[in-house]
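So, here come the structures, one by one.
Both complexes below contain chain A, partnered by chain B and then by chain C.
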Partner chain A sequence: MEFVKPELEYAELLPLLIVLGGACVGVALEAFLPRGTRRLPQVGLALVTVVAALVSTVVVGMDLDEHQGADGAEGRGLVGAMGSVVVDGPTVYLWGLLLVFALGGIALFAEQRLEGGVSAFTGQAAALPGSEGEREASTRGLEHTEVYPLLLFAVSGMLLFPASGDLLTMFVALEILSLPLYLLCGLARRRRLLSQEAAMKYFLLGAFASGFFLYGAALVYGYAGSVSFAGINEAVRAGSANHGLLLAGIGLLAVGLLFKIGAAPFQAWTPDVYQGAPTAVTAFMAAGTKVAAFGALLRLLYVAFGGERWSWQPMLWVIAIASMVLGAVLAIVQNDVKRMLAYSSVAHTGFILVGVLGVQSAGELAKGQYTSLEGVLFYLTTYGFAMIGAFAIVTLVRDAGGEATAYERWAGLGRTSPLVAGAFAFFLLSMAGIPLTAGFIGKWAVFTSALSAGAWPVVLVAIACSILAITFYVRHIRLMFFTEPSADGAGVVTRSSLLTSGTITVCLVATLVLGVVPGPVLDLVTRTGDFIR
Partner chain B sequence: MLLSLLVWLPIAGAVAVALLPRTVSKTAGLGVALATLVVGGVVAASYEVDGGRQLTEEHQWIEAFGVHYALGVDGLGLLLVLLTVLLVPLVLGAEWFKADAVGSAGARSFVAWTLALEGLSLAVFCATDVFLFYVVFEATLIPAYFLVGGFGREGRGAAALKFLMFQLAGGLILLAAVIGLYVVSAQQGEPSYLLSDLERLDIGTEAGRWLFFGFFIAFAIKAPLFPLHTWLADTTEKATPGTGVLLVCILDKIGTFGMMRFCLGIFPEASQWATPLVITLALISVVYGAFIAIGQDDIFRLIGLTSLSHFGLITLGVFTMTSQGGTGAILYMVNHGLGTAALFLVAGYLYDRSGTSSIREMRGVEKVAPVLAGLLLVAGLATLGLPGLSPFVSEFLVFVAAFDYGWYVGAIAVTAVVLSAIYVLWMYQRTMTGPTPPEAEAATKDLGVREIVAVAPLMAALVFFGFYPAPLLDVSNPMVGDLMHQVGIQDDQPTVAQTEEAH
Partner chain C sequence: MMHALSALTPALTLKASETTHVPVVAPTAADGAFTLLWLIIALPLLGAAVLLLGGRYTDRFGHLLGTASAASSFVISLVLFVNLLGRDEDERQVSQHLYDWIDSGRLHIGMDLLYDPLSALFLLLITGVGSLIHVYSIGYMAHDPRRRRFFAYLNLFVAAMLMLVLAENYVGLFLGWEGVGLASYLLIGFWQHKPSAAAAAKKAFVINRVGDMGLSLAIFLMIVTFGTTSFTGVSELAGGATETTLNWIGVLLLVGACGKSAQVPLQAWLLDAMEGPTPVSALIHAATMVTAGVYLITRSNFVFELAPTAQTAVVIVATVTLLWGAIIGCAKDDIKKGLAGSTMSQIGYMMLGAGLGVAGYAFAIFHLLTHGFFKANMFLGAGSVMHAMDDDVDMRHYGALRTALPITFATFALGFLAIIGIPPFAGFWSKDKIIEVALTENPVVGICALLGAGITGFYMTRMMLMTFFTKKRWEKGVHPHESPLVMTIPLMVLAALSALGGLMLAGNWIVDWLSPVVGHAEHEEPPLPVLVLTLITIAVVAAGVALAWVLVGQRDVPRAAPADVSLATKAARADLYGDAINEGLVVNPGRATVRALTDGDRTLVDGLFMGATTVFAGTGELLRRLQNGYVRSYALGIVGGALLLVLTLVVVN
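Our next item is the complex of A and B:
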């Protein structure tokens, strides 16, 4: 077998390379700088890396070439790195989105004022909870600055995930993004047992999901004789005798990805992990993982299995309905803000899947009608901002034991801190899909594409679930504004530094602007065009 | 630009009030409301009676969805705009001290939310793009929710939640129908949400009927109609009387407004097809609402439930699909707004004095507060449709249309006259007449100047339009004519031969 030296398109892959490089430099800083002086260089490095990657993403996005696909499919972009990384319109858009969310994540990670001068991460992860070593670490004010390189690694995995051009790259990306997140979940400064339990659960279930994905990849390779999406697409369109192999392969691959996006029935980890992880990590993970994994799911289903649409659409119908119903119903009975947001994210996964299953071929769409891909990309944008903003506010509301996430601690918050409570209410309204917020436009977009594809039963269920979902969002607003504070101590809003308040402000403005004048962003999404292969 | 000014002035005013210091909130708010009233007057002055939809504005808003920022008024829109701009300053005047009460959220937020509600309601009545309509239709709920939840009596939080849940559920059903409209519109060329484009759209019979129900259910919750009315009495009971006016007299009009403009305008076939069902529901609302109103002990619940009966009559007028019914319904919307607002505000004065809203616990108020009693009587008589007061004209037109539709429909609808006389007069008799309790004699003062000024315009309008309804008819008739043309219906010719021909 001849070994070909791979040729890489460095210019187009630059955002990816910058983030990976930044992460490696971060590890080197960990090794060579003394412990007390690491924080500032690490934060600076992470920020510079992400901003540089963002700038190069914009540059890449400005001059994507026309691409003529194998079977005449048109689009803009390029199939790079010997076919394993695809840089096209949706990829670049998702990169931009992920890097913006990463900036928010870094800002929340670096916040120190809330915990009285230390970060939200544990001082000594290796020390047992409640042990002497832990006490010593906290009295010395130690902190783990490894979180910044870990975040950068996770971001690089997220960037690669929706851009991967074959199943193996996609699997590698899945692992690069997951492993740092498992670790980050277990690093909370307070309630460490809960945090470690979350990390353990996430890791075990995530490992299973990766196994499913790999197994599915093997089956699909057996069917198509290729792991590249273009090759699979050709094999699927050509057809072959072993159709069962393909169906099993699609199913197993889907399990791996549906686990990552937290769709029912693979949602069991979501509430525990969202609750146990440090809230800054939850915010970053909730937005970033979902965006990246939905990008990957879209590419896999639309590009590799586009010809097999009739096989996977019914599956998505069931999954979407299950996620929406389960998420909305279980969110109603929660009494913890983080768990409520977690279950609501399961419901949102269902809503986004409603958009995913609304795929139609170009001929079926009217002139000027937007595609389901555009609807999903827009929804992901609105969802990410609302999630980061909401979790950032959760970090502000505290009592003596740290973050006060129980409902009764939030009672009467609207009286004492109307601004923060108002901002949280606004994010909730956006998630509920009330007009003049971004969430409404997003919901409208995905529901419309599903309805044009004829999936009206799913849309009706989605509407019913939106009504259910409104109950718990509105109940929380009522709790904050119209309920007396509980007698045994209410949570108070702690003053944060500009890092957290700035993140919240940006998310708030984005949620408002995307709700009132979504035109420019929708145009941007429309211009990204379709996936290329 | 005029309509944009009308819509944005109160919204900008709401923001300004929220930012200005608390001491000037009420003055600034009243100033903004009066300025809006002036703008509304200018709109009315520049309106041409036979000009169809006018003062239109149209800008691209969200191109990808075919959505425009498009405003315009026709006869129906204009009358409701005028009703809104008239009622808001009166509510602010009548509730001048109420929002300062201990335990409520403060005058600043009351004024700001009221102005926001005014601006959004005006946008609802002016919107000529279905998407824009939907957006503001839903957005009105947020100020309304905070008004109900923040001000009023014990238990208002739960009432506000119930109110919001009903309305949002209706809104989401409407959302499904609005999305469906996009799909239908996209199937026939470039998607557009402009009312003018949608009215020309050829919607299939089956799709049209489904979409009609999406719209109708949302409006039936808003209006409200039996059996979707259960939020109404709880809300009016717990909220302040002023909020009750804003909700029942302005916001609920969106329901019947929407039935006329969207159900009949976009889905004429489905509207005619659904007529028997709608008329049945309307008749049940008329009779059932009146009966349970008779049985109420809380005066605000009573007023809320009379509105259920009245909204039944308005819906009846809309769906008889005759020009008398349509005109009667439009007039009824305006007159119900004036009469019920007067009733709410005067009952609010009564509540301020007696400290209770229970009819059973009040007695003999007319001896100590004759002006109050007189105003309550006039407002009550307007509500029961006494000739000489403006609701009579509209009620009469609706009854004519109902008899035209079928004698049994008319016969059932007319019972409203008797039943409304019972609930109004019996309420008046129990609260106002009889011996005055000695402790109330000293404590109860008659109305002050501010309170009288706040309801005087309503009383004047009730009497004026009772004797001279021509201005209202002139504005609404052309609009109804256009609507009937769109629905494709002509009035039946009189079956009795003209006297000249008989000779």
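Our next item is the complex of A and C:
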């Protein structure tokens, strides 16, 4: 066997390399700077890294070459790194989106004013909850600045995930993005047991789901004789014996990805982890993981298994319906804001899946229709901003015990802090898909693409569920504006620094603008074009 | 359902739809005065924004600002209307493009406005009656500490309603549709300290979601079928779609219309909505918002003309509702609920007109306008009576009020004469025409409409007698007094309109005016000469009035509602068991499911701490097992899910 020296397209892979490099420098900073002085350099480094990556993403996106695929499929982009990384329109769009969300994540991580001068992360993760060591770390005002390099590593995994060109790269990306998140989930300063329990659950289940993914990859390799998506695509279109091997492979691969996006019946971890993790991590994770994992799911299903879509579409029907119904129904009965948002994110996963299963080949599309890919990309954009904004507001509402997430603490919030409650209400309305908010256009885009693909039973359920979902969003709005504050103390909005309030403002503006003048972003989404092989 | 309806179609032969030509919406760009079109919506919207964001600082002048913004919209509407009158018939469709809302190269949805004869009439109704009701509210809400907020919501409503009727595409219409729903929700529940008001607001909200689902499905179907939602595009392409598709679109639009316009089976919220302040009932739940369904169907004439099954469904719904509402109106002692039943019934007439096709559209809109005048008049009159009687709404506590409230009495009487259809008052002209067209098209429907007119005569006379005539049955300590001028002047204006509204039919003006929008019907001879039909109608109404005179006017009205009444009265008092039907078919099963799930979820959360293992049946049990907080169960869930996935994959292959 001949050994080929790998060639890397450094210019196109620059965003990825910048983030990875930044993360490594962050680790070095941890090693060489004294503990008390690390925060500022770390935050600065993270911000500079992400901004630089964002700039280079834009540069890469402006200048994508035409690409002629093996089977005549055209598109713009480049299959790089020996076929393992694909930089095409959707990749670049998702990169941009992920990096913007990462900026929000860094801002929320760096917030110190809410906890009275320390971050929301524990001072000494190794100290047992309730022990002497924990108290000491707390009195000394220690904090873990490792969270910033961890975040950068997670971001680099997220960037690689939807860009991967073969199953192995996709698996590696899955692990790179997951491991830092497992850790971050367990680092809450308050309610540490709950936080550690969440991290443990997330880790165990995540590892379990990764196992399914790997097994699926093995089966598909057995069928296709290749791990690259282009190779699998060829094998699928050529057809061969052992069809069962392929089907089992698709199913098991899907389990790994559906777990990450939190689709039912793989959603069980979502409420526990969203609730237990530090809220800043939840915000970043809810938006970032979902975007990256949906990108990967789209690439896997559309590129590798596009020829087999009659097999996997019914499977997604079942998953989408289950996610929407379960998410919406269980969100109704929650009494904790974070759990409610978690179940609503399960429902949203279902809504986005409705878009994913609406795939059609370009020739079947009528005039005036989005492709399902465009619909999903737009939905992810609107969803991410609303989620980050909503969770950022959750960090503001506090009582003596830290964040007040129980419903009764939110009663009457609209009277004491109309602005914050109003912003939260706006995010909820956007998630509910009320016209003139971003969520409306997003739902619109995915539902129409599914309907035109003939998946009307799913769309029917989707509309019923989004109407069901309106009830719990509106109930929360009623709670904030029309209910008397509870007698045993209500949560109050704590003043935050510009980091949190700025993030909320950006998300709010984005949600409004995407609803009122979605044109430019829709245009951008349309111009991203299709996946290349 | 579609099959059942198709089977009915031949039985209820509707002739008009076969021969006529459906006009296409083809507006010219706005120029001259028409460029002000957007201001009509923007002014009340700005008013609402200032009042809501300005907070306490605007308390002092909030009501004046709110009224001024509605009134200036009216002035602009009037100017535009005069301008439109001056144009040739084929140039009377004007559109204004504000900006591209959704524009992706493939799908284009603009923030576009359409001003044509139909929306012109609606603008005048909404801003005109709206301004009068704003003025009235200055007096009615004078002592309410949250008056500024009330005016903000009213302005918000007016803006949304104007958006609804001015939008050039279904998405814009949907925006207004949701907006009026929101404003209606806020205003029904305005007196939130009353639990009944909060419950009513919730009920309206929930039932309207069903309607919205119909409308949004219809819009999705249009996008899929036509690739556009603009009236221009759909009216142009509708001819190319299959009849089944158009029938589905039509039926879904009808579901939307039923929700907003309180038509059977989505009618239950309207009676409860009377918990809102009376000006709200007059503006939203009588004159404007509840007629949006009629607007929707008339505006979608290009769909319904090609969808005979859907059109038949409209006629059936309308006929059932017009009788349903009238019967409920007969048994109510609450003056506002009586009027609400009547509103439901009158909207049934409008829907009937709209369902009858080209021959009926113009009369549906005509009746909508006259009804806007006389029903707003009567609601405001009822408000004035309540004002005098310390907010008592029970007519059994009224009686002989004509001397104490002379202006209210006189104006209410004009509205009364108009609604029962006595010539020459407005309601006579409009209702008579609908009955005439109905009889021409289909005798069964026509006779039902005729019967409805008789019942209308009965319940309105009953209301009139119990309130203004018969003996005093006042509560102790009540001293009725006439309302201040700020409340009675709107009454007088509306009374004048109720009396003179019929002039719109002079020289067949309204039919000609609307023909560029709805098309021109071939004249068909009714089965009997028109004059005979009119006389029969008047005779039926007179019979209703006489019956009320004998049953109510000639006896003593007991102060407490008698309990030993006939089954029919009991049914009518219970809104013909509309709530019970909803409860039995929808609410209870839904509640049981949610409760099962709730119990399940609660145990699983608690189960983490207490290890509770109560046994639950069905779904709850399953969910509890899946979500108990133990990682091992979650992992098992993943395995189960994986099996499910692989099985689905294998089964479908």
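What we mean here is this: the second predicted complex is superposed on the first by the 531 of 533 C-alpha atoms of A that agree within 3 Å, B and C clash if a C-alpha of one lies under 4 Å from a C-alpha of the other, contacts with A are read in each partner's own complex, and residues count from 1 in each chain.
The criterion applied here is as follows: a residue touches a chain if its C-beta (ideal position, glycine included) is under 8 Å from a C-beta of that chain, and two chains touch if they have at least 3 such contacts.
Because the structure is predicted, anything quoted here is derived from the model rather than measured.
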Both complexes share chain A, so when I overlay them there, do chain B and chain C fit or clash? clash
Chain B versus chain C, judged by how many residues of chain A each one touches: C
So, A:Q124: does it touch chain B (first), chain C (second), both, or neither? neither
Taking the superposition on A as described, I'd like to know which of chain B and chain C A:I332 touches: first, second, both or neither. second
Touching A:S138 in the superposition: chain B (first), chain C (second), both, neither? neither
For A:V459, decide between first (touching chain B), second (touching chain C), both and neither. both
In the overlaid three-chain picture, which partner chain does A:I470 touch, first (chain B) or second (chain C), both, or neither? both
Could you say whether A:T416 touches chain B, chain C, both of them, or neither, answering first, second, both or neither? neither
Looking at A:P518 after the superposition, I want to know if it touches chain B, chain C, both of them or none. Which is it: first, second, both, neither? both
Where chain A meets both chain C and chain B, residue numbers: 365-370, 374, 434-436, 441, 444, 447-448, 451-452, 459-460, 463, 467, 470-471, 474, 482, 517-519, 522-523, 526
Which part of chain C faces chain A closely enough to touch in the complex? 99-108, 171, 174-175, 178, 189, 192, 198, 205-206, 209-210, 212-213, 216-217, 220-221, 223-224, 226-228, 593-594, 597-598, 601-602, 623, 626-627, 629, 631, 633-635, 637-638, 640-642, 644-646, 648-650, 652-653
State the interface residues of chain A toward chain B in the complex, per the touch definition above. 365-370, 374, 429, 432-436, 440-441, 443-445, 447-448, 451-452, 459-460, 463, 466-467, 470-471, 474-475, 478, 481-483, 517-519, 522-523, 526
Residue ranges of chain B in contact with chain A within the complex: 60-66, 134-139, 141-142, 145-146, 149-150, 156-157, 160-161, 164-165, 168-169, 172-173, 175-176, 179-180, 182-183, 186-187, 189-191
Please output the residues of chain A touching chain C within their complex, sorted ascending. 200-201, 204-205, 208-209, 212, 243-244, 247-248, 250-252, 254-255, 258-259, 264-266, 268-269, 271-272, 310-312, 314-315, 318-319, 326, 329-330, 332-334, 365-370, 374, 434-436, 441, 444, 447-448, 451-452, 459-460, 463-464, 467, 470-471, 474, 482, 516-519, 522-523, 525-526
